[in-house]
Amino acid sequence: MAEKWKTSITYIEPNKILLRGYRVDELMGKITFPEAVYLALRGELPSEGEGKVIDAILVSSVDHGITAPSTLVARTLATTGVPLTTALAGGVSAVNRFHGGAIEGCMRYLYDAAKEMDGGKSATEAAADLLERLKKDGVRMPGFGHRVHTCDPRSVKLFQIAEEAGVKGKFTDLAGAVEAQLEIGLGKKLPINVDGAIAVVLCEMGFPPETGNAFFAMSRIVGMTAHYFEEISRYKPMRRIDQENWEYDGPQERKPGGR
Amino acid sequence: MAEKWKTSITYIEPNKILLRGYRVDELMGKITFPEAVYLALRGELPSEGEGKVIDAILVSSVDHGITAPSTLVARTLATTGVPLTTALAGGVSAVNRFHGGAIEGCMRYLYDAAKEMDGGKSATEAAADLLERLKKDGVRMPGFGHRVHTCDPRSVKLFQIAEEAGVKGKFTDLAGAVEAQLEIGLGKKLPINVDGAIAVVLCEMGFPPETGNAFFAMSRIVGMTAHYFEEISRYKPMRRIDQENWEYDGPQERKPGGR
Amino acid sequence: MAEKWKTSITYIEPNKILLRGYRVDELMGKITFPEAVYLALRGELPSEGEGKVIDAILVSSVDHGITAPSTLVARTLATTGVPLTTALAGGVSAVNRFHGGAIEGCMRYLYDAAKEMDGGKSATEAAADLLERLKKDGVRMPGFGHRVHTCDPRSVKLFQIAEEAGVKGKFTDLAGAVEAQLEIGLGKKLPINVDGAIAVVLCEMGFPPETGNAFFAMSRIVGMTAHYFEEISRYKPMRRIDQENWEYDGPQERKPGGR
Amino acid sequence: MAEKWKTSITYIEPNKILLRGYRVDELMGKITFPEAVYLALRGELPSEGEGKVIDAILVSSVDHGITAPSTLVARTLATTGVPLTTALAGGVSAVNRFHGGAIEGCMRYLYDAAKEMDGGKSATEAAADLLERLKKDGVRMPGFGHRVHTCDPRSVKLFQIAEEAGVKGKFTDLAGAVEAQLEIGLGKKLPINVDGAIAVVLCEMGFPPETGNAFFAMSRIVGMTAHYFEEISRYKPMRRIDQENWEYDGPQERKPGGR
């Protein structure tokens, strides 16, 4: 008999399920889903502030309309008659290097540069060195700039929430220094986008880069579900889903109000 | 030029993203992710109670270990060297008729039976009729019974949270009646499992069955991420991932404490 | 120890691989790939004619350009930076009820109608009954009609090759009868498309409907590979892939010549 | 209006489909599927010998039983009730770096080493340099060695067929030199496996590495279809599919005979 392999995530026995040692039924109603995300991935419960930051991350990327490739994929699959989860799977797989996947790439570079700060460099020096290395390799810094937004409102808000939650440190400094250096190098602003901002706060909380893209996937799977349902409810199968020639007919801008 | 097609989910302009009419950056920090799920799928903000029920749903199904087919798929893909989101995609696609997908099937039958209650039948009559119809078609009622658990602790807790939140009505009655009728018919208890309980509370909140399986996918994608990371961190590629011959080496049972 | 489960497809021992009893290395160079498809799925080697019909099926559906949803999915995935096989996976999953998947649906209806022919009905009667049943259920007969082609040249050629190969019988008659009945019912021709023609010849060879869509997937995966490579070779990542606003710049029409 | 983007693969007009300039209906029955693969990917028809080599590649990898991760994924998906093509998609996505994907990796290294041969080095020198570079990077040479086979019979046969077809040149020499150098370095044989052999002959024919893994996917999708059908035909849903505890109950070893 081969040696048993080991896993430390979940323990199961009849009528008992332990996630990282906690009974799932005792977690329900006691911790929030964003806190459960932290627990599952890191093995321990987060601080209250960390839970709020993850919550904001997950809200930030729920949807960005049909122009996102993941959503186009999910909605095109919907029109061919696949089950919901097949459409979601296609869309999730689109979260990669150039789409959402900027999170993982950005985290890797930030961790590298942070090591140089640990070795005594300033954030500005570490940022300048990083950008020079990327330039030499002909690679763009992931997580900065956006096809549509010149100043991504989601990034601004995420940093504000993180600051209030005490999730702010050298990675935030580093991101600011990268922005400043990019502006010097390019002669124009290339502000951090939502992927970049998510990468920064995930680094502040110590998440490994290998798990970074999951946050985008967890969030965007919600929007993809909405698009799947809208597609099969409003349209006939095998429709050509045009990313240009559409128009929004939802509610006008409104405020979340007294909540 | 073809007529523009319509979508009511998201409106985008530079530096502004509206989800169902609300600015995403204004939602961040103001509503929770589970509330954002409701908003994206239903078009309006939920009540506070509904938000809590969705939160509990999402916590309930985060992970169930390697014996879940979706997790085996994600972890087997991890061992072949695919990117994280490719592994998650494979796992998400496994949420189907017989796995997680019980949610959708169960919701369909509950909505059908509830129509008969609207027509004047009691919950018991509607449940008995439903089970008879299924028997005739040679189909099992989805959402009842479990491979491992004789009394799924997640179902018990979810109903309790839903009751406290005021999310309780005819679908809950119907589920109880189905359990009772199943026990009469089979001579043994076949209690509602977590998929079934999720189906019931989603019906109480008015979600369409077509979106039901997404809740399982949103929740389980978290556990699959944990398994992906554990696999690539602890093991070499191309490992045979045995669903029997493993052992849990995580923390002993513990309590979430004073939170 | 649980009882061993059984599989009759492949036997492996060091330096020996048997496919349905034949050494794979002895099959290489001796049977064609289309014959290997038959062997893998049916368990026995096909006749020479059957091998040729499968070959023609696989050639028929290699590509249909960017307007096919599977190809749009694969190409959109390519632009996000996924590995080749992730893009192919997304595209393969699009082969479903309304796209390529017409093969499976069409086969099911043809087998049903053929049973009635076995019970004494003529092809015309069986076709008329089938279409009436579908009409009652509000379902369209899959495999007939095409978005683009009024007379699909691939169907015509496939039937010709099948006839020469002796792969022609009651399903071919039935398909003709369905075409005739559709014309009477609709007052216009709705000729069999390539999915329908593939369904007919697969029925003639006795393939189960559950395997029908695989033939489309096996064939179209080739075109999707070509599109993936063209996309990453000719274009930058995160391109909006428009299904309308493109133009063909490949070779002019030419003939396969003296082959 | 944005400029039209260009594609050179397929031209469509009503009742006419051109693949790389050839009418698909004229190709059917005239060229084989393996020749169509070459045409789609390379833009021109192959020589007769090249067609035969591709045919042998596609036959070589049709199936390798349940122990292949792609097949475990496809079969596990089958047991959850997904449609055929969703199961195939999961399996196709498993063809990656460490599984089947050795083809792409091996091709990249062979093309690199061949450039050094063009610069005047012998095959032995180029092979030795390549292995030294890989050793320095802590990377194994992909395409050599196998979990099960000490001398992969499929590789032997593929090289034989390629030689007969005149598809033999510097990449074949290089592969031999790599084998010899590996034996010197390791003190034991680590013979080329089927992925490696496929990589070599694809290089001889000039295929780009980016398309290499598609050949494995095209071939293995056949075996995955057979496994999907066997699973849903022989077993109940939600079965635990054990990669150890199974047994072959197909035909005994037999010969393809007088074909």
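Observations on the model:
By letter and in written order, the chains are A, B, C and D; residue numbering begins at 1 in each of them.
Assume a contact is a pair of C-beta atoms (placed from the backbone, for glycine too) under 8 Å apart; a residue touches a chain by one contact, two chains touch by 3 or more.
Just so it is clear, the model here is predicted, and its values are computed rather than measured.
Contacts with chain A and chain B are shared by C, D. Look at the CA centroids: the one farthest from the centroid of chain A belongs to C. Remark: among chain pairs A-D and A-C, A-C carries the greater number of C-beta contacts.
Rounded to whole angstrom, the centroid-to-centroid distance between chain A and chain C, based on C-alpha atoms, equals 39 Å. For the pair chain A and chain D, the distance between C-alpha centroids works out to 35 Å. Chain contacts: chain A has residues 67, 82-83, 86, 89-90, 93-96, 101, 242 touching two or more partner chains. Residues of chain B that touch chain C in their complex: 82-83, 86, 89-90, 93. Those residues of chain C that touch chain D in the shared complex are 1-2, 4-34, 36-37, 40-41, 43, 45, 52, 55-56, 58-60, 62-67, 83-86, 88-90, 92-96, 100-101, 104, 148-154, 156-158, 160-161, 208, 210-211, 213-214, 217-219, 221-223, 225-230, 232-235, 239, 241-242, 245-256, 259. The residues of chain A lying in touch with chain C in their complex are 67, 69-70, 72-73, 76-77, 79-82, 86, 89-90, 93-99, 101, 147, 237-238, 240, 242-244.
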